[in-house]
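Below, chain A partners chain B and then partners chain C, in two separate complexes.
Showing the complex of A and B:
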């Protein structure tokens, strides 16, 4: 037979014994000597390395713990009113000797001679005179007083963040309000995610006409003005946590559904999904076991980004008077109440404002860290 | 062997993809009028250049796509009709698929045990220990160890991953495997390993394999019969040796001329034949409908009656010489 490759004789005549099989017998692979690392453990390791997200994680934990504990240990309740103690400034045991949070308040435009009147200024209430001047020939003073003594409250009464216009303890109300705000945000985001995931998964997985109809319905829903919808819900269901959560979810799920739909389009044609289909895996299992776990990174990130958004929306609604029913506090209601007396009693706005800012910054930083940890290829994007 | 009935038979199989609507409607005939059969325990190689419809043919057979027209029968039962639960079950029980890309074809969020064992769990094997035992047994067959079962795909090399893909395909003991370019993404040293493994498994389990590839040397080594595809058409089917010794269709010749020679002396003088349908076929190849014709036993060519005469002469001429 003719040699198909026209090889020279010396190559053709090489003895077989000179050759050795590159691989003989069965293939046996070596055992790995490292520990198996799953997706979540890998992400956790990366998350731990990011300082900003660890700090913000602990800040969030501390705020949640404070919200759980503080309202129970202040000795006041969030709805307990006492008009004799209204608008008290902050007074914290231990710090009062340092001159901060000592319950002092500067009263302006007081007649000089009224200082000696024990009915107006009780014994020991005046700390010092800040400014003396004349107004229309009458000597007047700006005077710093111990406000607690001034209004005749016992010396051992402490309100760490002061009280509001109804004499309610603001510290209790702030952390009770944090509880409410976090609960509203958590449930609003949870419901959004659940609806969005199911809706987006169905639209993205089946595609075609189903997708077309579903995505256009979502477009229409998205066109509804948010504030109008909220007002309608408030009229229909009355003010309260439930109607706020509903109002925030009625159009809020659309963003999540878009995200999930896009992810399903990305993953449904992957070979491992096709491979599962050739094994006979059902649609439901393909959606929830094969495709959805791969979208979990963007999903968790989305949820973490939406929580501060939801807290802020709640605050915004409270601010425009669509908050939850009084006397229940929320951060938004405290801000809105504080804002009306901002110039006289700035501390009433200060504490909720600081808390909501810290909370939002912490959630955003943590969400960024989570995104980087769950999807390392997107590190540094914003 | 030649008169054994086909296990898998495709008749006039068409798979067209359409995009756009109305005037902008565009139809791509990815697979057009393809007919072939695969006998039990045979390896049928499907070759052709990129985009010629090899993969689509495989995917249409296993119903990842719904065929536009034509029929496919497996073991006498039609598997190209309307999809029912029963048909899906029959299809997935009997035919399995091995995919091209070893990275893409394993779910990164699942452990090897979950990936390989899935075929069992969806068939109602509830007992975790039983699944585990059979997964480990199957991993042993493809050269992996028991300890690898708890690992995630990203910890393995390309060849190992492809073997995991093979284990997943054969754990349900299918009669037939569609191997869609199983070695194209692997480096040459590992290609041999995977091919040999497939060969061993084929012997051991009596598998029938539809082997899709573009590497002609691999196909020649591995396949009993070979089908050559060009632009959605199957242009020639022959036993491996016949195809290499006496290619008839001009495209097959062009394809074979592209194989590099292992001998540097002859490689220098190797001439690449190029294929131009307009030039290499007579007028009636485009107007008259060419059909698959058996030109000698087990050797089919896609041709028109006038070309048939020409090919007959060539075959006779070869036989005389």
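Showing the complex of A and C:
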């Protein structure tokens, strides 16, 4: 057996029976009535108390669930085209009797006499006449029609959010697109964080020349405007989900690396690090096991703050025509497609616009709440 | 101070050079020829390529490219969107609406943001503050292009108060501004909210400081103390917030320009990317980089003016 204390043999082999306790009295102590609360538990408690954060949290969860479930249950696929059902307005079972989302649409400038022509206006398609007037002597009308009957679609067909210019179901596409946008955002942020952590940890831990070189490289990279860099890399890599993620990470990791570097400078001089080093802990273990866990709080906050930014970037790239490959949808693609027919078919913009807005507000509020909860200076407040 | 500014200026030029090189490399590495028009006679095509040095190796092309820019300010010629026209002239013709749009949204945003932030701080935790804070969250979160769509639908279609698209033939500045109002508002909302949020936070923090207590003890009202004393100390963080704002406005203006058909540099850049008009794309990217770098430089230098305690360029 290896002896860690290097005691001489005669001392180590002394029989146990020769020892007796010097003191037998008990030292009394107060028993804790409350459980000790760790930092993260405390943070979680404070997070739970903030109403805005909890509401946003549940909104995010619901949107994620919808994105997972809805595309599978609508009965359509996101790429299924049917040109006989182009640009149908929204129609939702149950709500249609209330007059909203009943598949109706106002057609303008139709000849008055064409209303009686069953080839142009099939029976039962006309709901009511909105306006009657004359245009160069010909009586014309603005007429509200049941657009589904008007184009000859069966009565039991429902498109909750309508269809687009290729007759694709927009509800399926919207939630499929949410899936894609969220995936892009999560992965972009994840890769940024991983690169940023490794880069910042090495620079911050080793310091000196390594730090100098690394931090100056990062500064030069940071000088390149984000918009310009993403556009350039999208041109280089071509359309696609993977390209978007990469393009967003090219300079996206720099913020995280700065944060981590600063944290390493703060913690690497602490006594416990010195103790671990003295005991011969390797650099890698020191970086990842001993110092990095200190930075998890700010890191989580940073990640949450960056997610809405990444969703925005995706939509931005889609708008300027550098998004993912068609026929795949993303919130950005749907928005930019909808924007081009905004005045004719506003609902095609409405739903993605509402979804992206709700998503961004929820992520921002939740990130704010998380930042406050994980802020160590506020520990034990309220 | 002068040395510092020169140093910063040098660094800026270096970054610009880097952007130039990177864009040149990336765009030339693309597997597409500048001339893909099958109707052009191959002989003429060869001649054109020779004139633009496209038949030579990459390094030589790069040499001509840099030489053109540095010695003559010549960024090459557009080949697809405005064939034969000098890129510089194409961009110059587009600069007015872009600058109007970007500068005006910032000019509107700064005072409005400051007012909103100050009011929210003065009415801390009252109803006004809650309303402003709520609006701030909305305006910060919702992308500018969503607002652009909303404004376009509401105020140019439902209630036609403004023209749907930018009017390039507007007879005077007032008419131009009238047709630019919607894009300007769409772009200004986010900066207003960002400035308001920063300022509110800063002011509330300064309000509990001792010198403000002193100011109150001297008999100043809360509003007087805030505006005269706390305000100036809160300007530095606001300036920090303005740098990303300018880049954000420029990025957002690309999309907003497209939505309102503003014939600006952003729309031009998108068009040239999609059409594969390389020289035009490179020049557009250089323009964007130059503007954002220049603003960073200006903001950095002006720190010393706002807060004399910050010594710009000092060594610790």
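Criterion: the second predicted complex is superposed on the first by the 319 of 382 C-alpha atoms of A that agree within 3 Å, B and C clash if a C-alpha of one lies under 4 Å from a C-alpha of the other, contacts with A are read in each partner's own complex, and residues count from 1 in each chain.
Methods note: a contact is a pair of C-beta atoms (placed from the backbone, for glycine too) under 8 Å apart; a residue touches a chain by one contact, two chains touch by 3 or more.
Quantities reported herein were computed from a predicted structural model and do not represent experimental measurements.
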In the superposed arrangement, which partner chain does A:277 touch: chain B (first), chain C (second), both, or neither? first
Looking at A:356, would you say it contacts chain B, chain C, both, or neither? Reply first, second, both or neither. second
Considering only touches as defined above, state whether A:37 meets chain B (first), chain C (second), both or neither. first
Give one of first, second, both or neither to describe whether A:315 is in contact with chain B, with chain C, with both, or with none. second
Just to be sure I read the superposition right, which of the two partners does A:227 touch: chain B = first, chain C = second, or both, or neither? second
Scan A:346 for contacts with chain B and chain C and give back first, second, both or neither. second
State which residues of chain A lie in both footprints, the one left by chain B and the one left by chain C. none
Sites on chain B touched by chain A in the complex: 59, 62, 64, 88-89, 91-93, 95-97, 99-101, 104-109, 111, 118-119, 122-123, 142-145, 147-148, 150-152, 155, 160, 163, 165, 168, 172, 189, 192-193, 196-197, 244, 261-263, 265-266
Complex contact set, residues of chain A against chain C: 220, 223-228, 231-233, 235-236, 308, 312, 315-316, 319-322, 335, 338-339, 342-343, 346, 349, 353, 356-357, 360-361, 363-365
Within their complex, state which residues of chain A touch chain B. 4-8, 11, 22-23, 26-29, 31-32, 34, 36-39, 270-282, 285, 290, 293-294
Touching residues of chain C toward chain A in the complex: what are they? 11-12, 14-15, 18-19, 22-23, 26-27, 29-30, 137-138, 140-143, 145-146, 149-150, 152-153, 157, 164, 247, 250-252, 254-255, 258-259, 269-270, 273-274, 281, 285, 288-289, 292-293
